[in-house]
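The structures come next, written out as structure tokens.
Each of the two complexes below includes subunit A, the first together with subunit B, the second together with subunit C.
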Partner chain A sequence: MSLRRLGAIFRKEGLHILRDPRSLAAALLVPVVMLLLFGYALTLDVDRVPTAIHDLDRSPASRALIERFRGSRYFTVIQQEGGYAAIEEGIDRSRLLLGVVIPENFSEHLARGEEARVQLLLDGSDSNTAALAAGYAESLVLAYSADRRDAALRARGMKELEMPLDARVRVLYNHELKSKNFIIPGLIAVILMIISALLTSLTIAREWETGTMEQLLSTPVRPAELLLGKLMAYFVLGMADMAVALVLGLGLFGVPLNGSFWLLVFFSALFLFGALCWGILISTVARSQLLAFQASMVSSFLPAFLLSGFMYAIENMPLIVQQVTRIVPARYFVTALQGIFLKGVGMEVLWKEALFLFIYAGLVFTLAARKMRQKIA
Partner chain B sequence: MPPPEAAVRTEGLVKRFGDFVAVDQVTLAVQRGEIFGFLGPNGAGKSTTIRILCGLLQPSAGRAEVNGFDVAETPESVKQSIGYMSQKFSLYDDLTVEENIGFFGGVYGVAAERRVQRAEYVLRMAGLADQRGAMTRSLAGGWKQRLALGCAILHEPPIVFLDEPTSGVDPIARRRFWDLIYEMAAGGSTVFVSTHYMEEAEYCHRVALMYRGRVIALGAPAELREAEGPGATMDDVFIASIEREEARHP
Partner chain C sequence: MWERIRQIVVKELRQALRDPRMRAILIGPPLLQMIIFGYAVNLDVEQVRLAWSDLDRSARSRELRERFSGSPYFTIVAEPEGEAEAVRLLDRGHAQAVIRLMPGFGAGVARGEQQDVQVLLDGANSNSAAIIAGYAAGVIGAYNRELLHQQQMRKLVGRTRDGPVRLALPGVRAETRIWFNPELKSRNYFVPGTIVNIIMLVTLMLTALSVVREKEIGTMEQIMVTPIRPLELMLGKTIPFALVGLFDMALVTTVALVVFRVPLRGSVLVLLLASALFLLTSLGAGLFLSTVSSTQQQAMLGSFFFFLPALMLSGFTFPIRNMPEPVQWLTSINPLRYFMEIVRGLFLKGVGIEVLWPQLLMLGAFGVLILWSSARRFRKRLD
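Let's look at the complex of A and B:
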């Protein structure tokens, strides 16, 4: 390994990056666009559910229930007129997600101590959201019912009933339960994976296409030096992307960074190196830039997006798919990112993730260097 | 180690690509300081032979030594001793003239203090001193070609391989390029140059005519012409050699 040759490759590659303003802009803008898109548009939180209430009872009791819906941050009551037909139409037009129907004899039943019923109509097309909205509505109705019962007991001069069980929930991390606090750290993994695999995948294929590879191979440059020199240049670019993502995530979206900043830098560097090696490996295997581009897109973006646990919980996947996620490096990086950002944990917890990422990077680099040597011979 | 007398030596060199025999039993020796021409039509196997000699391709059979090093066994040592310029003048278009020189100086491992001196020499030699900051993409063919040659000899290699360096440039640029080749040979370098221009044969000390992977004639241009009869041109030599070859291997 000669530092002189390594330095020459690194400088040259850096010049390529700087001389291609379009790619450079893309490399720095992709993270911004993705963060803005996902940070603002993609929220997995269910709140302000558009709700219609059809009150047939029109009694103080029914109005008290409606007030509860109005007071909750999970619901926005946007319609109280029109009855069943209007609720159905609203759901058909996706204007409404929830319809609450309070029947005529609601207060009568309550007064007589009989079971009073409230009907909840839900748009089930997005089953996840519907289930969450139904859960919120049910617990709201249940709380109202418990308060009514307690009030009735007090009115008769009796003591309030203690609930036999009372779950006290204390959310330890991300206590506001905001999905962006979870999404944005994961998104950093996806961004780094895409950027690094995309940029590097073209770099070797381009040298084959323009014929400069042949010239390089006639010089004393060794395959490992060529790869490492190129990696270093793109590494700088990747870390710049990381910085952009970090500034946006912390500054604009207010994601908390509870753990160590330097641990975050360490994990990003480790992951970035592996991802860059992956791009280089693709580039050595695919001789045309087009093929390299497509292969890197499919093999980096999709696993990082779908199988890393960034969007979809790995525990909910079929067992076979769960096993597949074990070889997706982004999975380990997402775990590390969420651990560092939200839980503030350190190496004592994340050493396994670090170890995997380290082995992955080493393996892919060796493979790329060997592939390169084969191709030369 | 005293330099062996032959700069390049091959013995029964063969390169097969599947069923196709690109290089067929090529045996030749090039002396130090010689300008050795490799002549033949496109597809005769000139480039393949040069690429084997530069350590870019493994031979299928036979032996080849460059600067005393076996190309198949010690390609790294071979690469230290040669400069290679491929048909495509492989420079980086998005780098300036000076940056290309700096880059190749680095990958050839030229020491930092020597690099400045060599860069100046190459700029002067190529006549690009005034355009050192120009983007390589903006250079005309002849300049690019001289820059490519300059980049290939930054590390002062004893042997230089030039694969059709003059194809696609105008006659004046070709003439100037040959002046550079003479300059290098005068400086003690061995120059191994391939071409498909017959008139360029006259510029070489010795030539090998290549046809369908075989060397069909080998010698000084004047000798070859005289052997063919009075007033024979290089074209006549080539045609006669091909006819004899076809008669031997129909």
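Let's look at the complex of A and C:
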């Protein structure tokens, strides 16, 4: 292993990257575009649910309930005319998500001290939004019900009823329950994976396709030096992407970093190294760019996006798929990222993830080096 | 003219189906994606891992515990003693929620004083946390009502000459009815969306690559010396991939219906019509990419950067309604969004053309516009 030859390969690869401005721009724009999309535009939080209210009672009591819906930030009342048919049509056309029907005898029941009913009609096609919206609407009705009961007790000169139990919910790690706080840390894993998969997997296949590999072979460079030199160049690019993602995530979107900054850098470096080795391994084996690209899409981008727990919780998947996620390195990296960013935990909790990523990187590096030696020798 | 188009179509189909690796690419990745997406993309929360920290150990606390262990949503996985241990369980992800009952809970309930039930949640995944909070509130609320009822029976019973009477108190009950997807399975929502993005990815990439490959390996020159005209070449290049697209559509729709048991409530004919209109867009975009790229790498990178934002801004996972308003306007020029709305409307709601005509119209308009402008560009490049 000679540092001079290593340096030469690193310089050559660096020049390749700098001379293809289109690909370089793409590499640096990926994190910016993804973070802007996820930070500004994409959220799973539910508020301003478009709601129609059909009030058959038209009493002070029903108007008081409607006022509650109007005052809540979770609902936007956009329609109060037209009845059932209009609600049905609105939901069919996806203009409405929720219909609230207050029946004719609503105030009558309340006045007699009986239980009145309110019908909530929900569009369940987006199950996630529907479950959250149903929860908000039910607790709003419950609060109204408790207030009516207390008012009735006061009117009779009695003490208000106290609920026997009071559920005190305390949320750890992400107090405001903002989806961007858990998506943006995981996004770093996806971004690093895209960079290493899209760029590295083509780097050696391209040398074969364009015939420059033969020229490289005629130089005294050794397979390990070639591998490490190429790795280093893309490693620098990947860490630059990581820095861009961090600056945007922490600075622009105010995602909290509760854990150690250096631990974060350590994990990113470890993961990036393994991912780059994987890209190079594919590239060495595949020989054609089309095949290399397809293989790296299926083996690195899709698992990082879908099976890492970055957005879709692993514990909800079928058992077999859960077992498959155990061999997805991005899964361990996402766990580490969310742990460092949100939970502020350190090595004492994350050592298993570090160990897996370390073994993975070592294994893939050895494989890539061996394949490279075979192909070249 | 038709004869020359037919020749190109036959050549393309032969080229695509002759190579076993190409055949694999037409069928393998769409199936694989359908299966990974179908199983992995899921926002439901089932079987919450709950840690139960009971410092009271009374009959009342055991009663509440039974409520939780009897609920289909919760599984009690640990019984930590102190707060430190409970937090450690959350830190390591062994538990998603902890419920703590303080000493004196049972005695307090018996005296009719309000007692706290502490719920600690792992908020790292905010979406799961909000749903778990809802489940816990439901279980505690039901127990609450029962306790209240018992207390009311004791406290509020007055005596008259005719015997005991209960004081009548007003209340409101919400009756929730969920349409289209009553079990609230997110799979029913995501699987139809997956069909859309698979069709997009397959047809976009194949079209872009098929033209660029001819340029890269130099066979484009050979085609140019034949009497074929640019328009005919373009039609000949796109018709085979339209057929492939429709074939893949049928394939993944079958998987969705058979493997994932997603309901298809609307008309198959409207689905076919919408797919055909959408293919105009994706084939047009593929042609456009082939005119701007000179190597296969550029074409692949290009299709990736076209595909990803189009998917994210189509409402596939993230509801468009929640986006900031300028971004919502942006989504209205995204053809994928209209196709997504049509497919979901057909699968889940079973609505027909009478509801979906605006989306179909937009899809058709975008398709014609995109295909027409790329065709013009394509022709200029060839002349």
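Simple rule for what comes next: the second predicted complex is superposed on the first by the 374 of 377 C-alpha atoms of A that agree within 3 Å, B and C clash if a C-alpha of one lies under 4 Å from a C-alpha of the other, contacts with A are read in each partner's own complex, and residues count from 1 in each chain.
Following the convention adopted for this analysis, a residue touches a chain if its C-beta (ideal position, glycine included) is under 8 Å from a C-beta of that chain, and two chains touch if they have at least 3 such contacts.
Predicted model only: the values in this text are computed from it and were never measured.
Q: Applying the document's definition of touch, where does A:Ile9 land relative to subunit B and subunit C: first, second, both, or neither?
A: In the superposed model, A:Ile9 contacts subunit B only, not subunit C.
Q: Going by the contact rule set out at the top, does A:His109 touch subunit B (first), subunit C (second), both, or neither?
A: second
Q: I'd like to know which partner A:Thr212 touches here: subunit B for first, subunit C for second, both or neither.
A: first
Q: A:Ile282 in the overlay: touching subunit B, subunit C, both, or neither? Say first, second, both or neither.
A: A:Ile282 contacts neither subunit B nor subunit C.
Q: Which partner does A:Leu121 reach: the first (subunit B), the second (subunit C), both, or neither?
A: Only subunit C is touched by A:Leu121; subunit B is not.
Q: Looking at A:Arg148 after the superposition, I want to know if it touches subunit B, subunit C, both of them or none. Which is it: first, second, both, neither?
A: Second partner only, subunit C.
Q: Go through the superposed model and pick first if A:Arg19 touches only subunit B, second if only subunit C, both, or neither.
A: first
Q: Once the two complexes are aligned on chain A, which partner has more residues of subunit A within touching range, subunit B or subunit C?
A: C
Q: I'd like to know which partner A:Ile195 touches here: subunit B for first, subunit C for second, both or neither.
A: neither
Q: Is A:Ala41 contacted by the first partner subunit B, the second partner subunit C, both or neither?
A: A:Ala41: touches subunit C, not subunit B.
Q: Is there a shared patch on subunit A that both subunit B and subunit C touch, and which residues make it up?
A: Comparing the two interfaces on subunit A, one with subunit B and one with subunit C, no residues are shared.
Q: How about subunit A: which of its residues touch subunit C in the complex?
A: Checking each residue of subunit A against subunit C gives 22-23, 26, 33-34, 37, 40-48, 50, 65, 91-94, 109-132, 134-135, 137-139, 141-142, 144-145, 148-149, 152-153, 156, 161-175, 177-179, 181-182, 198, 202, 206, 289-291, 293-294, 298, 302-303, 306-307, 311-313, 315-318, 321, 335, 338-339, 342-343, 345, 349.
Q: Inside the complex, what are the residues of subunit C that reach subunit A?
A: 21, 25, 29, 32-33, 36-37, 39-47, 49, 87, 90-93, 109, 112-131, 133-134, 136-137, 140-141, 143-144, 147-148, 151-152, 167-182, 184-186, 188-189, 209, 296-298, 300-301, 304-305, 308-309, 312-313, 317-319, 321-324, 327, 341, 344-345, 348-349, 351, 355
Q: Quick one: in the complex, what on subunit B touches subunit A?
A: Contacts found on subunit B: 54-56, 58, 76, 79-80, 82, 84, 86, 88, 90-95, 99, 102-109, 112, 152.
Q: Under the touch definition given earlier, write down the residues of subunit A that touch subunit B in their complex.
A: Residue positions touching the partner: 2, 4-5, 7-9, 11-12, 15-16, 19-20, 210-212, 214-222, 376-377.
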